[in-house]
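Supplied in structure tokens, the structure appears directly below.
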Amino acid sequence: MRIALFVPCLIDQFFPQIAVSTVRLLRRLGVDVVYPEAQTCCGQPAFNMGYHDEARKLAERFVEIFADAEYIVTPSGSCGSMVRVFYPTLAVRKGLQGSLENVKKRTYELSEFLVNVLKVTDVGAAFSGRITYHDSCHLLRELNVKDPPRLLLRNVKGIDFVEMEESNSCCGFGGSFSVKFPEISTAMVEEKVKSIEKTGAQYVVAGDSGCLMQIGGMLQRHHIPVKTMHIAEFLYKGISL
Amino acid sequence: MHVTSKKFRAKAKEKTQDLEGRQKFYAATHHSVKARDLVVQGVLNWESLRESAHQIKAHSIANLADLLEEFEKNATTNGMKVYWAGTEEQACNYILDLARLNQASLIVKSKSMVTEEIELSHVLEKEGIESVETDLGEFIVQLAGEGPSHITTPAIHKTREDIGKLFAERLGVPFSSDPAHLTGVARDFLREKFLKAQIGISGGNFAIAETGDIIIVTNEGNGRFTTTVPRIHVAVLGIEKVIPRLEDLSTFLSILPRSGTGQKITSYVSLIRSPRRPEDIDGPEQIHVVLLDNGRSEILADPVMREVLYCIRCGACLNVCPVYQTVGGYTYGSVYPGPIGSAFTPLMSSLEMTKDLPYASSLCGRCSEICPVKIDIHHLLIWLRRKSVDERLSNPIEKLMIQIWFTMMKSPVLYRFMSKVGRVLQPIFPKRNSSLKVPLWSKSRDFPKLSPKTFKELWPEIEKETA
Amino acid sequence: MPDDTRDIILTRIRTNLLVRRDERDVSGEAFAVSNFQRSAEESGGLGKGLVQRFEEELALVGGSIRRVFSKEELLASFSDLCRSEAYHNLVLSREPSIEELRLDEELKKRVPGITLSKVSGTNLIAQLQVADVGVTGCQYLAAETGTVVVRSSPEAPRALSLLPRAHIVIAKEEQLLSTVAACLAKLSVDQAHPSSAITFITGPSRTADIEKVLVKGVHGPKSLHVLISSGSI
């Protein structure tokens, strides 16, 4: 089985280790990974801000690049939903409609790919310690992915998995929202951090780097000793250590 | 409709700084959500009910003109008088004329968002007519000189002490902060008003085309009083409230109370069919139904935004919205706050006056998830953002930045080049402790540094690795 | 009144609705399905028996219920209620179901000091202002929610179940239906006796407008009592 890796620009620029872990994890599970190097961005920032012409053009570019992929996997719920849920709302040019349909059907977020396509719920990882999980909004509500990450995490040997209160409450990132309405965004992540602290977890794991950036940024600013980690990194570390 | 949404940002900032207020409000909204979740949990066919409700509303809006005509015909046959108000001025003037004709000096009102929308109280006040809100929450905010801060719980932002003080000051009663006692005070005060008023004004949750009925869903009994005791009853309804048949009401009765107040059904559901008949010994002598347009028919021209008219005003999206939970109802500067308000208000006013509203959302989607009529609220907000950009309302600096970003994203070569430039320049970027100092972000949170290498740069090595 | 406003509005509605989206035509074909049974299906269902379910639901919303199997039991139960709640002044509807019980005679025998009157066409409000209780029959009951469906009529005016601090409903088991939807279905066809107003009453009046604290008895009655008789009375 071969997948084409789709790397969110945020991960490319700030957290490449998440993409590296994704590649290594998939390879360990017997999956071949190619990385179409021409990719840049799925266009979501422009889309969410209302710049749909720009978003459409980037969408067309994306579809062209990934047109022939059998599976497209991305370690991001928000980028995955941009392709599956929102690309169809952008009137991409007629000639690309067919490819768009294919790309839409074949795009998966990492945890749903592992569980629903590869049928893997235990990657063979081990970690002794307490973790909690944050439901990223797009992953949960646009892609309806709630159980796969939990299955994968609960099956890590030795893990103490604790659900936080309000795990599905927004962390306040929302892309440009975090800087357009910084006070509201901050108030929202304050509540999220309270929930996290209550669990006593050492790590908070999530499937989206935007959320991790927001939550991590808050934890760090207040010197709270909880670490953030992307699920790809967490699972791979659990195998490799 | 009075809109002060331009003040959204400033008000939001103020609200976030009031930590105690935030905690109280947070607790209140969470309480409401818990109650709703509890009562919905036991419903096996909740999703199918939502879908039915959506379909009924879709059909109703798609056939709005026919249904309104059918309603008018039947309501008129039953003895009601139907008035078509194109604008809020027309609606207010009709009611004012009615009041003058009947020399009304006292009017009692039951809860109605639409009467706030048309600013009826203001008009009546100017005329010297006493107009008293009778829903307890509305009565409280009226005494305080405020508007409602929430669709179904207008005084949710006030503590019992606030209310006790208010009653002591304004009604001349001894101070008490016991909710049951305060309710009793309001009951006695308002009963006198009910019995003296010449006109009772209500809203309406639904208008049934097939029978000409007005449906009012309440708990306190003030809705029943308002529509029973005064000689004249005026019901004001947005034109989007009409549904086809009495049987369709059962779907909505299953979802509205659960979503709005966490109840299986409200204490009272009134089906109002006609004024008193010659043989009746009570009931209003006249019933006037004011069908209000005020911009709703214009919304129909946008096939995407049309969905906003499916709203049944339950308030669930407000309770569950993390933005609303943080800033409260007044921040939105509109009679209709929260997620649905952020979609509806720009359409009833203008995008220019309400620029911030569609953007004041992280697009988390909880609103759409909880909406009993399955309105895709957060997607509607994205659509409004698109309209905002198309109408050239965006900040020119933001627009420029998007263009620069877009230019970079179109070209992998430029992208790689700029990535390198960023890393070369990073040492001279402003820092805070050891993280990047980014405007608007770094005031409250740390921001990560650019990684030494991008994934693109790492790939050649990673590619060569074997499992 | 300018009639053209009506036409302007209707024309604008029809014109604007002509704008269609490509994919989603919302003429609502799925809507053609009858919605009569479109009410909440609850886990647990209505299996136990309608009366028992009605009792449970009414109790949940703070209403009280008494079940009786003979006229004598009804009168005894009614009298007991008046004594325990200290109801001294009752106003009765003139509905046939109430008239046939001859409550005004029967209760005077059993409860000393009680005052009973029938709704007055001339001084209704004044009469109800001093009353403790309004007594009515009902049209239907819904087990699903503990709801009583009361129709207004010359014999049972609207204010009777609204002004006094308590409302007593005398119902028969055969009037008990399973759901609110079923009640609406019946009302829909029951055009024989058109009423000017029908009220679905579920428990006493209530509010949670002050800090979400539940308070019973706001503008409507604080107490609701239902007497259901089974068998022939």
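Letters A, B and C mark the chains as written, and numbering starts fresh at 1 in each.
Heads up, the rule we're going with is that contacts are C-beta pairs under 8 Å (C-beta built on N, C-alpha and C of every residue); 3 or more make two chains touch, one makes a residue touch a chain.
As the structure is a prediction and not an experimental result, all values here were calculated from the model.
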| item | value |
| --- | --- |
| Labels of chains that are neighbours to subunit A and to subunit B | none |
| Centre-most chain [mean C-alpha coordinates] | B |
| Rounded Å distance between subunit A and subunit B, as computed from the means of their C-alpha atoms | 32 |
| Whole-Å gap separating subunit B and subunit C, where each centre is the average of the chain's CA atoms | 29 |
| Geometric centre distance via CA averages, subunit C-subunit A, whole Å | 53 |
| List of subunit B residues in touch with subunit C within their complex | 28, 31-32, 42-46, 49, 51-52, 55-56, 58-59, 61-62, 64-65, 68-69, 83-86, 90, 94, 134-137, 140, 153-156, 158-160, 163, 179-180, 182-183, 186-187, 190-191, 194-195, 211, 219-222, 224-225, 227-229, 239, 245-251, 253-254, 258, 261, 264-277, 279-283, 291, 293, 297-298, 300-304, 306 |
| Residues of subunit A defined as touching subunit B within the complex | 7, 9, 11-17, 19-20, 23-24, 27-28, 30, 35, 37-41, 43, 45-52, 54, 57-58, 61, 137-138, 140-142, 168-170, 172-189, 191, 213-214, 216-218, 220-221 |
| Residues of subunit C touching subunit B in the complex | 1, 5-6, 8-10, 12-14, 16-17, 19-21, 24, 26-28, 30-31, 33-36, 38-44, 57, 61, 119-121, 124-125, 129, 144-145, 147, 152-154, 157-159, 162, 179-181, 184-185, 187-188, 194-213, 215, 217-221 |
| Parts of subunit B lying in touch with subunit A, wherever the complex brings them together | 9, 12-13, 16-17, 22, 26, 322-323, 326-327, 358-366, 368-369, 382, 384-390, 394, 398, 402-403, 405-406, 408-412, 415, 419, 422, 435, 438-441, 443-451, 453-456, 458-459, 462-463, 465-467 |
